[in-house]
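Listed below are the structures to be examined.
You will see subunit A twice below: alongside subunit B first, and alongside subunit C after that.
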Partner chain A sequence: MSSEPPTAKPPLPRTKRPNYALLHANLLPLTIQALPPLIPHNPLSILQILYTYFFCRVPCQPEPLYTGVFNPTTRSVHVTDTRSIKAFWTSGFFGKGSLSRSEPTWISRRRRALGVIGKDEALTAEEVTERRRKERKEFKLERARAEKEKIQNQLAQEGKVQFETGAVAPSSENKSVTFAPPETPAEEKDQPAPQVVEVEDLEHLQLTLEEAFFLSYGLGALQIMNAEGNKPIEVPDALSLFRKFSYFPHLEDDAILQPDDVFLMNYVVYHHFRSLGWVVRPGMKFSVDYLLYNRGPVFSHAEFGILILPAYSNPYWAADPERKKRESRPWHWLHSVNRVSAQVKKTLIMVYVEVPPPHEIEGLGITDMLKKYGVREVSLRRFLVARNRD
Partner chain B sequence: MSYSDLAVSSHPHLIRIVENHLLNHADWRSVTQHAFTPRPLLSGIPPEPVYVDPDVDPSKPPTEAALEQVEWLLPVDLREKWSPRKMAEVFDSLPEGVWGENAKGEKRTKRMLLAVVAEDSTVSYYFVHDGIVKPRQN
Partner chain C sequence: MPLAEPVQEPFPIYAVNGTYLLFDVNVVSHVRKKHHMCGVLSGTLPQVPQQNVFLGLPLQLMVEEAALLVEKGAAYVVDDVTAHKKGLKEMMEEDKKRYMDQRNEEIMKTALEHQAALEAKKAGFIAISKDKKAKKDKEKAEKKAAKEAAENDDELLFGPTKSEPAPVAVDPTPAEASAASAVSEAPEAPEASTDTASKPVTTDNLLLHYPILNTSTFPFHSPLPESSSSSLLPRPNPSSYPLYKHLHSRGYFLSPGLRFGCQFMAYPGDSLRYHSHFIANGLGWDEEIDMIDIVGGGRLGTGVKKAWMFGGCPPKQEGDERGEEDRTRVFCVEWGGF
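What follows is the complex of A and B.
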């Protein structure tokens, strides 16, 4: 672990990072209007505030609304128009590019592959990672080679093997290859001149059902169209549709919805943390349900991993042994999830969602129904006696 | 084990999502659909070998055979429930005789990539072997 980096490492081509603080100044895709300041010794300032409040208010919601199309095959909402994609990504980090790691940048990678844009122009997150991985791989190969050579030398010194000159020659050749700068200026000149090629963007921004519902019900900034794309889906219809599609395979139209549908559980937690100002993103790659970012993925790594656990403590559920059984999880499950989170330096938070009995939420509006759910957080950290002495 | 009609109708969608991901995101070639039962599968050749045999010297460039190694993929949904029996059924549906040899010259264990599709369009790939194989050294 304590191996030193190679001294002759070629310097990374530094590219200027965009000003993320300016780019992502808006935390949500809404317009927020600041009222004029209140000056206590100037009574006219109150009038100015009242005037602005009553007569010069601009609506929070965008005009026209951003649009997305519900897609039953991917069980998500697809956003294809550039204006909506830009708004959702830059203000609040909603959704994921279908062919990218997070920000939809497939088009610039494709343009680079076709030689439309330069080799180091507008590098995407994926490309930066790829370059770093390549470097790391070369370093590992070089390290393995050096270790092998050391053992060979040691054995030769001890007279256990005959020192073969032939065995060293190819490795030193290998060395010169590894340490050579990867690109020489002459090669750069050989690059094809930028061409004018129209590249069709095959990518869309994909919103999970929870994100789409938050944007449409919670913020009112998104209009969700039906699968055919010709009619908007009303918010209450979207809720029942999304609840059915949160199962795999999805439920039939006449299925009875449960108060602990996957969608409702996820949405309660999603809404809870979004309301508290966190940037919430799916955490499938870290074996958690959600990841919490302080400001957003471009600023820092996610600090917390969220596990959603339904809690059936209402007396109604006492008569439901199957659900009660689902409530208790084995220790080894917790250990493995916690280990993965610790490995990537994330704190695990178990979020218990109090599930109300079905008769309590029947016939209620969305807001009243969501109020019946309770959320409790338990943060978990592994304690190592030898390492946590301070 | 049988699949419900709704589940069966979702299989072509999963195939299409993974095929699109392989071609346009991971740069695979010769990606082919196979209408096998119980599950439709995909096969293709990755841009670089994705499985490194633990008995092969990693410092040597990959052989011609390794560069042309066809990998099989099983597209699944993140919320599906799997069991060893269901997995074994898929392995049984794979064709015999295309598996080649490992670095020691023995007949290779069948393997496929489980392509897990999540709602946010993430596709995660996991190797699944039909039995025990020698673990890889990092």
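What follows is the complex of A and C.
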């Protein structure tokens, strides 16, 4: 009985995915009000438009503004209220849950572990990945075992190995016992769960400094509070604060800021791609500065990896060999980065940021200052003669 | 494979425009065997010039390899261009003549050997094919004769009605003729081949083979070690050289790793036998490493089942007698999925 081929387990039922197109219909955390249509032969429509325009205008920005607290230790902006978290994640994919991979889902995983919600209810991205990996692992074990058994049977038929058919069985059974973790204890744990457990959400959303600055300066949707959380930070103050915190250790208050500090370079590129409609997310895990998503991480994989490189082509920088040296990188570095992005099927884009000399941006407002920066993109792909034919 | 001639140390390394080359195959195998250095073959193979997958002499050494060989006193660097010119200029007229004579003699000798070998091969081949052909023809003739005999028998049955027995008379002849011609031709063939073989080899009929002589081992081209100036000495990257020495001193074979995105690939033995275990990058002791580069290195190494390694040499402490190769510390990074 045990020697007969084991019946393959039915694949896990596919859980229905939420309607992401509806969930993430808003591309940015702003509300955009459409004016009533203009009907040429109906003069009243013009009046209606004017009326709506002057008297019924709803501001784009949320009311009240979403809030986040600047955290100097983690060099990020923490968002703790549910409304802001939801808005930032669903419209624009800003930030990352502090206890999750990207979307803040710790609470639902916790609830499932405590038995408040069902086993297959509202699966999070982490759980889906975990299940897929488990399924794949089991499939591979099963395949290896079946192959081994086939060979044993063949050998037995040929009379090369002498054993009773029962002799193989214990090993296979052993295997299934050792490798497939028993399901029952989890279910047992589920059963006697208390009826209603109020789980406190311990997770917050972390915005990188660039994201926070884009939300507050670029969109005006975020109010950044100081570290104590009692006073809002004005936008120009936020800029100089973030620039100081892009150094390690961070600069003191009276330090002179350089036009090529990490925050400014990153922000120029972040703003550039966000304003062109891309969803930009940090790409540290793929050894690039940013990842570009077409619509967002829930819809598709990132298509491009962004590398930010400073370009000191202004004649002012000719006298600065230290910076010129920073401009040039070794060949093996480029090959390494390119190989890594080719492995994960992303196209590498090197973004050169033209750095203006410090005297040109001194005393300018944020917008004027950002205008002095230039951005050039160079796309790079590994080409294999034999493989890239079609 | 013929045994390599013993190589006398120090041997010359030829510097051409900043690259360090070895032209002598004996030196190449000596370096590989004794010094664990593989270098990179960089010359076109004369027999298969239209590809660049398999390359031949000269062997290009990495700067680190050349530097270490010089440091060990196993080699000295010669500037190829000036040495060549100088050697030629300083040569006396009779020396030149003697050299040319010697060279011609050698060419002649190799060409004769080659020709003789070729002829022997040809003769052997002809003998074999002749045997085969004779056998085949004989079989064919017999078969045909038998067939015709059968046909004739058939025809004999109806003989009187058919008024043309001509085929009987005519037909056997071609088969026989061909057999005969094969037989009669056969003795001629070896004669012809022996003819050419017995012809004296002159410069006129020596069009088959031009041996390539190794010119770099002649004394005029290998100046003595004294002449190597300090400006020629290989200057390896000070941040990666200690790492090279460290791994080399522990028996690793290192090869350049540019196309794999690193400075060196470290093989546990000869690179023809083993896969590399590490892809290594050398860094200065106080050099800052970008977090992104660590992530990238870890992914790069793990993606090809190797470990990404970086290492540097701390500055010399007082009372620390160890050399760079022993002081160097290395670290490995692998990408772990949690």
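The rule we apply is simple: the second predicted complex is superposed on the first by the 321 of 390 C-alpha atoms of A that agree within 3 Å, B and C clash if a C-alpha of one lies under 4 Å from a C-alpha of the other, contacts with A are read in each partner's own complex, and residues count from 1 in each chain.
The working rule: a contact is a pair of C-beta atoms (placed from the backbone, for glycine too) under 8 Å apart; a residue touches a chain by one contact, two chains touch by 3 or more.
Keep in mind that this is a model prediction, so the values were computed, not measured.
**Student:** Have a look at where A:313 lands relative to subunit B and subunit C in the superposition and call it first, second, both or neither.
**Tutor:** Neither partner.
**Student:** Would you sort A:335 into first (subunit B), second (subunit C), both or neither based on which partner it touches?
**Tutor:** Only subunit C; A:335 stays clear of subunit B.
**Student:** Between subunit B (first) and subunit C (second), which does A:347 come into contact with in this model arrangement: first, second, both, or neither?
**Tutor:** Touch status of A:347: no partner.
**Student:** With both complexes overlaid on chain A, does A:284 touch subunit B (first), subunit C (second), both or neither?
**Tutor:** After superposing on A, A:284 lies in contact with both subunit B and subunit C.
**Student:** Please work out whether A:31 is in contact with subunit B alone, subunit C alone, both, or neither, and reply first, second, both or neither.
**Tutor:** Neither subunit B nor subunit C is touched by A:31.
**Student:** Identify the partner contact of A:106: answer first if only subunit B is touched, second if only subunit C is, both if each is, neither if none is.
**Tutor:** After superposing on A, A:106 lies in contact with subunit B but is clear of subunit C.
**Student:** Looking only at contacts as defined up top, I'd like to know whether subunit B or subunit C touches more of subunit A.
**Tutor:** More residues of subunit A are touched by B.
**Student:** Going by the contact definition given at the top, which residues of subunit A touch subunit B in one complex and subunit C in the other?
**Tutor:** The answer is residues 284-285 of subunit A.
**Student:** Applying the document's contact rule, which stretches of subunit A touch subunit C when the two form their complex?
**Tutor:** My answer: residues 284-289, 331-333, 335-340, 343.
**Student:** Which of the residues in subunit B come into contact with subunit A in the complex?
**Tutor:** Touching subunit A from subunit B are residues 4, 6-7, 9-10, 13, 16-17, 20-21, 24-25, 58-59, 77-80, 117-122, 124.
**Student:** Sort out for me which residues of subunit C touch subunit A in the complex.
**Tutor:** On the subunit C side, the touching residues are 257-263, 281, 291-293, 295-297, 299-300, 303.
**Student:** Once bound in the complex, which stretches of subunit A touch subunit B?
**Tutor:** My answer: residues 73-76, 95-100, 106, 141, 144-145, 174, 202, 206, 208-209, 247-250, 252, 262, 281-282, 284-285.
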